[in-house]
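Okay, got some structures for you below.
Shared between the two complexes below is chain A, which pairs with chain B and chain C, respectively.
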Partner chain A sequence: MNHFEYLPAKSVNDACDMLSNYGEEAKVLAGGQSLVPLMKQGLVRPSHIIDIRGLSDLDYIRYDKKDGLRIGALTTHRAVETSKAIKENCAMLAEMERTLASVAVRNWGTVGGSLTHADPASDLATTLMALGAEVTLTGSRGERVVNLNDFFVDYFETALHSDELLTAIHIPNSGRGNGFYYKFAHRATDLAVVSVAVYLVPAPDDQNRCQDIRIVMGSVGPTSLRSRRGEELLKGQEITDTLIEEAARVSAEDAQPTTDINGSEEYKRELVQVLVTRSIKKAATRASTR
Partner chain B sequence: MENLRLIINGEEVEALIDPATTLQQFLHNTLGMTGTKEGCGAGLCGCCTVMVDGKAVKSCLILALQVGGKSVQTIEGLAHEDVLDPVQSAFIENGAIQCGFCSPGMIMASKALLKENPHPVENDVRHALSGNLCRCTGYHKIVKAVLSVGERQ
Partner chain C sequence: MRFEEKVIIGCPVQRVWDFVMDPEAVGPCIPGFEKVEVISDREFTNLIKAKVGFISVRFKIKTIFEEIVPYKSIRTVGEGSEIHNLGHFKQNSYVIFGELSENETEVSGWSEVSLVGRIATFGERIIRAKAKETVKEFVETLRKRLE
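Presenting the complex of A and B:
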């Protein structure tokens, strides 16, 4: 690791002020489960580390029936995994956490740190996009709320300005819908080779008709990707096996996988198709038995 | 250099350190507590597992300064005088140790599990230890050792 100046932040404002002063040379440290490995490999060499882990007012999970779920940026993965409110009201989020790295990483790593790292294989990003989540970005000039669709820009790049912190995650009330996260990885603690998150809302008068759906694919592009064409195929339609298979087929076309050590492009497209089929079926079953 | 104060195995420790020091480096290199090892250095192998405020963490991925004011438990703090901790004894009784490199991390991750869940079933153990790699014993005996502690307490 390179030498750096260590700056513990006293408040969100304090952190934003320091970010304004040091700009791109500074890095924000939360749990460091993504940043520290990059620093140890010499891939990131910040001159200043702004440590925000002590800002306990960013560590919370709040649920309100109307408003939905609000999670502070410094909440650990493990807290999300074990939260009663999340298990009861947003089960797919807690289930996803069980597949994310290992217990020890989840005990220290934070949800805000994970999102700002913007790994296209992120279990959290893929799941939160399916849940329609938005994030609050706080800078010295105030706050803005950005949908996760617009937050991820490219491989490891986000819409965050250099003086901004991600401070909170908001998952709007999921109402009648339900979802499922399906991760395929070679080993339990690995990043996904391919992952798929589906959130489905059935029509109020007909459990078998899809009113709205989000299909999100992880690890097959520069960011987690929505399959808009797959979604459009199902919206407003009766959910049949044929239609699900057709949606899965176009999702595999929408995916942008690259050949790497985990598998060929073709193999990953095949995986997308299988995982999307299974995830839609599972989400539909869950939504209709709710 | 920055000042660091923390509690390690019940004793207060104070030192001046380079901010770029991980908790594992601080324990192993600065304090000479060589039980906490760096294997992969990237959070995958679990050899560096210690407990911070009772929870398992990967000490090679944590800056030591972030643990200021907190309580750290390492493998060195488990045995009292000549009496081993029940998890250590179970590892020996079940042949769950071969070369020993992964053992401190395995044992600390197991301690953290048993603290949270005193009577784990096999799946709980395998899940809790999924972030700890062993290249000798083949996991089966390790899982058996942890289960035997759960059954006895």
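Presenting the complex of A and C:
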């Protein structure tokens, strides 16, 4: 590990000032589950480490019927997994957390750290995109809110400016909808080979008709990807097996997988098709019985 | 990792050949190119920077023209290391030049690339995708500079 200057932040503003001073040479330490292993391997060599772990005002989970869920950036994965408010109002998120790495990692890793790391295989990013989440980015020039669709830019790249900190996640009230996250990995603690998150809102007058849907695929592109064509096929339509299969087929076309040690491009497209089919069916069943 | 590319360049084969055989001309077409040092008629080294998100690496790569058939084909081998010793790189490439007309040349070829070390362990999945993009970008820059 290289030598660096350790800078504990006293407040969000203090952290933003330090980020503003040191720019891209500085890295923010939250849970340390991504940054520390990379530093140990010498892949990341920051000159300054800004430790925000002491900012307890960024560690919270709040639920409001109208507003939805608000989660502070320093909330751990384990806190999300075990939160009563999340289990009752956004079960898909708590279920996803159980598939994310190991309990030890979930005890340390934070939701803000995970999102800013921007790994295209991120379980959290894929699920939150399906849930229509947005993030608050705080910098020395103020705050801005960005939808997750626009937050992820490329492999490990986000829309965060070098002087900004991700401070909160907002999941709008899910209303009548429900969702499902499906992860395919070789071992339980591995990154996803392919993952799919689907969130479906049935029509108010007909549980079998899809009013709105978000289909998100993980680990098959530079960021988690929406299948807009798959979504458009289902919106406003009666949910039938034929239509689900067609949406899954176009989703597999929309995916951008690459051949690697986990499987060929063709194999991953096939997986996308299977997982999208299963996830839509599961989300539709859940939404209709809500 | 194997990459294959084919491009049609709108200029005579001789001009394409002269350009590709000049490391100082072709070097800047490589995304992330920083420096070239010509060692001899058949050997040169390039310093290339690659960046994926927060990870930034620099490779010093020595390339040798192993086989030259003027205006027809070249075979190169290359080897190099990341300057902080994060990985070791090897490549073996074959490029064919085909004269389609007086003002049109087809350049096709393949490259076998292997990367080992910490950088490869970290992100084989990402390196593959990025390398594919890099090869495409290189070919496109080459075409633009020649036309």
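Note that in this section the second predicted complex is superposed on the first by the 290 of 290 C-alpha atoms of A that agree within 3 Å, B and C clash if a C-alpha of one lies under 4 Å from a C-alpha of the other, contacts with A are read in each partner's own complex, and residues count from 1 in each chain.
By our rule, a residue touches a chain if its C-beta (ideal position, glycine included) is under 8 Å from a C-beta of that chain, and two chains touch if they have at least 3 such contacts.
What you are looking at is a predicted structure, and each value in this text was computed from that prediction instead of being measured.
Once the two complexes are overlaid on the shared chain, A:D260 sits against chain C while remaining clear of chain B. Contact with chain C, but none with chain B, is seen for A:P222 once the two complexes are overlaid on the shared chain. In the superposition on chain A, A:Y155 contacts chain C only, with no contact to chain B. Looking at the superposed arrangement, the partner reaching more residues of chain A, out of chain B and chain C, is B. In the superposed pair of complexes, A:G42 makes contact with chain C only, with no contact to chain B.
When the two complexes are overlaid on their common chain A, residue A:L115 makes contact with neither chain B nor chain C.
Of the two partner chains placed by the overlay, neither chain B nor chain C lies in contact with A:L100. By the touch criterion defined above, A:R53 reaches chain B but does not reach chain C. Contacts of chain A with chain B, set against its contacts with chain C after fitting on chain A, overlap at residues 41. By the touch rule above, chain C contacts chain A in their complex via residues 52-55, 84-86, 118-119, 122, 124-126, 128-130, 132.
Looking at the complex, you find that chain B touches chain A at residues 2, 18-20, 22, 41-44, 46, 49, 52, 55-58, 61-63, 65-66, 109, 112-113, 127-128, 130-132. Residue ranges on chain A touching chain C, taken from their complex, read 27, 38, 41-45, 118, 120-121, 154-157, 219, 222, 258-262. Of all residues in chain A, only 1-6, 8, 29, 32-33, 36-37, 39-41, 49, 51, 53, 78, 98, 101-105, 107-108, 188-189 touch chain B in the complex they form.
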